[in-house]
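Each of the next two complexes has chain A plus one more chain, namely chain B in the first and chain C in the second.
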Partner chain A sequence: MKFFEIFEIKPSFKICQNNLKKKFLELQKKYHPDNYASASDHEKTLALLNSSMINDGFEILKDDLKRAEYLLKCNKIEQNNRTNPEFLIKQMEYEDYLEENAHHLNKIEMLHKEIVQILECEIEKLAILFNQKNLVEASNKMNELIFLSKFKTKLKHRMHQII
Partner chain B sequence: MAYSDKVLDHYENPRNVGSLDKNDPNVGTGMVGAPACGDVMKLQIKLGKNGLIEDAKFKTYGCGSAIASSSLVTEMLKGKTLDEAESIKNSAIAEELALPPVKIHCSVLAEDAIKAAINDLKSKK
Partner chain C sequence: MALLQISEPGKSTEPHQRRLSIGIDLGTTNSLVASVISGMPTIISDGEHRLIPSKVLYQKNDVLVGHDIPEHKNIISSIKRYLGKKLKDIDTHALPFKIDKEREDIFIQTQQGLKNPVEISSEILKKLKQIATERFQDDIFGAVITVPAYFDEGQRQATKDAAQLAGINVLRLINEPTAAALAYGLDTKKEGVYAIYDLGGGTFDISILRFSKGVFEVLSTNGDASLGGDDFDQIIKHEIIKQNSLIHLNSEDHEKLNNIAKMIKEKLTKNDHLSEQFNFKNHNLSVSISSKTFENLTINLIDKTVQCVKNALFDADLNVTDIDGVVMVGGSTRMPVIQKYIRQFFKQSLLNDLNPDEVVALGAARQAQALSGQSDDDTLLLDVTPLSLGIETMGDLVEKIIPRNSTIPIAKAQEFTTYKDGQTMMKIHVVQGEREKVSENRSLAEFILKDIPPLPAGAAKVRVIFQVDADSMLTVSAEELTTGNKTKVEVKPSYGIDDKSIRKMLEDSFMNANMDKEFRSLAEIVVEANQIIELTEKAVTEDGHLLDENENHVIQKSLLDLKKQINLNDPQKIKEAIDKLNNASTSFAEKRMDHSVQSALSGKNINNIDY
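Then we have the complex of A and B:
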C-alpha cells in the first residue's frame, strides 16, 4: 500500500482524482531537482529516487485498471488466468467484427463507443466488488477488463490509421 | 526475439483457417484464450465414420506464436484417433516450432484447445 501512503490516500478502489493530482503536484515540487542544487550528492540521489517513485505511484493510482491490479497485488491476490468461456466467444466476435470492418470508420467508431460504455459499466461493477471486499471476484474480472481496455486502444489506433 | 522460420511460415501461410458447423454432432469446438494477453483461439475437429479426425479448422487472434501453434495443431490432428489427439503435448508443439521460453504459453493454449474440442465432441455423444 506504499503508493497510497505516499499520496496520503486511503487505500481503496474509488479515489478522488483531484486529491491525487493535487498531492502529486505538491510532492513533485518538494522533490524537484532545483530544490537540491546545493545539497549533498546523497540528498540529490535520494530526491531523485523519491521523485521517480512519485511518478510511478501517480501512473498506477490514476489509472483504474492499474490501481485495481495494484490493490489486488498488495492484498496478495494472485492474478489467475481463469477465463469465462462466454467472454471468449465475445472476444472472438469483437475481433471478427474489427477484421471484417477494418476499413469502415463509422463501424469501428460504433464498436469503440460500445466498448467504452461496456468498460465504464464493468469498472462500476469492479468498484462494487472492491467495496464489498470481494477481492477474488474482482481479480476474476480483471482479465476481461484488461482485454476490453487493450481492445479499445486497438480500435482507436485503427480509427487513426483510416483517417 | 526472432521468430523461427517455422513460426513465420505458419503465420504467413496459416493452414486450415476457418470454421466447421459447431452444431454438427461429429464436430467438437474448443474455445480457449488469455484475454489479458489478447489471445483467443477457436479449434474445431470433425470426427469421421472411421473414428479418425478427418478435418480440423482454427481461428486465432493473438501473436504469431499463438497463430502458428494452432495452425500446426490442425495439421497434426488430421488422421488421428481422439486418444492420440488427446496425448499431444504442448512440448511437442513448442519443439516443432522452436518456440522461445516466453512463448511457451502459446503452445499450452493450443494443447488446451485440443482438450476443449475433444471434451465438447465427447459431450455430444
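Then we have the complex of A and C:
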C-alpha cells in the first residue's frame, strides 16, 4: 500500500483524481531532482529515487486498471489467468470484426464507442466488487477488463492511422 | 510517509555565494549562450554577435570557432547531426567533410589529425563558455544545455561528454521545446495546454505541454531528427541547378550553392516573388522563384512536420481544439509558408513574439538559474522520455520496459527467465525505439549476465532494472534472483565511443585539467562541506537514537575531521573528508527511513528497490 501512503490517500478502488493530481504535483515540487541539482551526490540519489517512486505511483494510481491490479497485489490475491469461454468467443468476434473492417473509419468509430461504454460499465461493476471487499470476484474480472482496455487502445491507433 | 528523508531543497545551506549559471543552445547551425542578468534571461554576445555559427576549423596550432573563422574550405559544420552516431547510421555520400571510412565510429580528418564529433562539439561549447566567462569576468558554476526532444540516449550521452570535455559542469540537459516553453512562461503564466513547434536548421521537434499549478508537464513529444531548414535550402538549390542546367558540381560548388539557396530562402520570407542574379564560377546565373512555387515544392516537408504534430496530439490524447497556444521556435519558423500551414492546422494565431533563434537559450538560462538555487521562481519542469526503452527477447522481439512519454525520472523493473536447461549466461541487449523488431530499433548497449545457476529452462529469474534520470539518461542493471546471488551489471548506453576513450580524451586535454580545477575550487568545496556538516548534525539531533554507540562514534569522528580539514584549505583533503563522512552516514540515512519501506527500498542502491 506504499503508493497510497505516499499520496496520503485511503487505499480503495474509488479515488478522487483531482486530489491525486494535486498531491502528485505537490510531492514532485518537493522531491524532483531539479530541486537538488547543486546538492550533494547522496541527496541527488535520494531525490532521484523519491521522484521516480512518485512518478511510478502516480502512473499506477491514476489508471483504473493498474490501480485495481495494484490493490489486488497488495492484498495478495493471485491473478487468475482463466477467461470465461463466453467472453473468449466475444473477444475473437471483436478481433475478427476489426480485421474485416480495418479500413472503415465509421465502423471502427462505432465499435470504439461501444467498447468505451462497456468498459465504463464494467469498471463500475468492479468498483462495487471492491466496495463489497469481494476481491476474488474482482480478480476474476481483470482479464476481461484488460482485454477491453487493450482493444480500445488498438482501435484508437487504427483510427489514428486512417486519419 | 514512505519517502526518503531529504532536507528541504535550498534551505540546508547558508545563503549561497554568487553562482553564475548559463543556458546553452548547442544548435546544428548556430549556438547561443544566455544567462539571467538582473532577473532577465539575456543572450550574451561575444561583443558583436549573439548567434555563434556552429562551425569549427582546426588549424595546425589552434582551433577556431564561429565568427573567428575566415573564409576557408576545411570548415566543419552541422556537427550536431553526427553527434552520438556511428558511421553506419549516417549517409556518407555528400558529407561536407572528409571522414575515416575504415572505422566504425565517425572520425573527421583535420589539420590536427582525426577528431570525433564529441571533440568537435566540445570546441563550440568551450567557445560559448569563454564568451560567458569574459562577459562576467568570473567562473561559471554550471550550465543547462538543450538537446532536441527527439535525441536518443546515445546522442544525449555524447552531448554530456562534449560538455565534460569542455570543462562545463552540466546541471541538466533539457529538451529544446521545453526550454522554449519556459522562456515564454516568464510573462504568460496562463494555465493551459501548449504546443511547441520547433523547426531548426537540422531538426524538427513538437512537444505538447501542460502548465498548471506552477508545474510544466510535458505530455508528449515527437519529431524528426533529420528534418530542418537545411532541407528547405536543398529544395531551392535543386531549383537553381534545374533552372540553370548545372552539371559536374564538386563539394565546394555545393557549399556555395547552399549559401545562395539559404539567402534566397531568407529573402522569400519578405517577398512574394524573387528573381535573383548571382555569380557562380565566373558565370552570371539567375533563378526565379515565387512563394507559391516554394510552397508547392516544400509542401511534403511541411506535411512531414504536421504528421509528427498529429502523432504527438494522439499520444497526449488530445485534439487540435484542446491546444490553448502554439509557440514557434527555431529560425526556420520565420518562413511564411510554415506559419500559414501551422496557423491553419491549429486554427489560431501563433506565439512568436520572442526571437525564434534565441528563445531556447533564454529558457535554458532561466532553468540554469533555478537549478543553481539562485532563483525564487518555483516553476517545476516535469519532462518525459522521448522514445521507448526495452530489451531484446527471443525472436528478435523487443520487450518494452519504459514506454515513451513516461514522466521522468522513472525506474521500472521486469523479470526474465532462461529458455534453455542449464543456461548460465544471459545476453541483455538494451534498445530504444518504437518498432517491434530489435533490428529496427536503436541498439544502446549489450552486456552478458554471467553465473546464473544451472537450472531447468524457465526456473532462473533475472530482474532487469531500468532507471532514467531527470536528464533522460538511462542506467540499466540486471540481477539473478533465484539463489539470492546477486550479479549486478550497470551499463551506460554507448554511442561508439566507450568510457575509456572518453577518459583518454579528457586526460589528453590539458586545458580541461585546468578548467576542472577552476570549477571545483576551494570555495565551492567548502560550501559543500558545510552543507554536509549541517545536514548530518541536524539528522543526529533528530534521530540520534537510531544509532548505536559505535556508529555514533564514527559519525562524530568524521564530522570533527571534516571541520578540521575545512580550516586547512586543501580541496583534495576536504573532498576526502566529505567522502568519509558520506560513507559513515549512509547506513544512518537508511535507518532513518520508514521501516515499512525499508524492506522495499533500502539505501541508495536502486537494485534493491521492489517495483
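Definition applied: the second predicted complex is superposed on the first by the 160 of 163 C-alpha atoms of A that agree within 3 Å, B and C clash if a C-alpha of one lies under 4 Å from a C-alpha of the other, contacts with A are read in each partner's own complex, and residues count from 1 in each chain.
The rule is simple: a residue touches a chain if its C-beta (ideal position, glycine included) is under 8 Å from a C-beta of that chain, and two chains touch if they have at least 3 such contacts.
Everything numeric here is computed off the predicted structure, so don't read it as measured data.
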Which superposed partner A:I6 touches (first chain B, second chain C, both, neither)
second
If you stack the two complexes on chain A, which partner ends up touching A:E59: first (chain B), second (chain C), both, or neither?
second
Considering only touches as defined above, state whether A:H32 meets chain B (first), chain C (second), both or neither.
second
Check the contacts made with chain A and report whether chain B or chain C touches more of its residues.
C
Identify the partner contact of A:L46: answer first if only chain B is touched, second if only chain C is, both if each is, neither if none is.
second
Does the superposition put A:H160 against chain B (first), chain C (second), both, or neither?
second
Check the residue A:E95 against both partner chains and state whether it touches chain B (first), chain C (second), both, or neither.
first
Name the contact category of A:N143: first (chain B only), second (chain C only), both, or neither.
first
Both chain B and chain C touch chain A; at which residues?
none
What does chain C use to touch chain A in their complex?
1-10, 12, 19, 141-142, 171-172, 212-215, 310-311, 314, 370-373, 378, 380-382, 406-412, 467, 469-470, 528, 531-532, 535, 578, 582, 586, 589, 596-597, 600-601, 604, 606, 609, 611
Contacts from chain A onto chain C in the complex sit at residues 2, 5-6, 22, 25, 27-43, 45-56, 58-59, 156, 160, 163
In the complex, chain A touches chain B at residues 81, 83, 85, 87-89, 91-92, 95, 142-144, 146-147, 150-151
Write out the stretch or stretches of chain B touching chain A in their complex.
31-36, 38, 40, 42, 59, 61
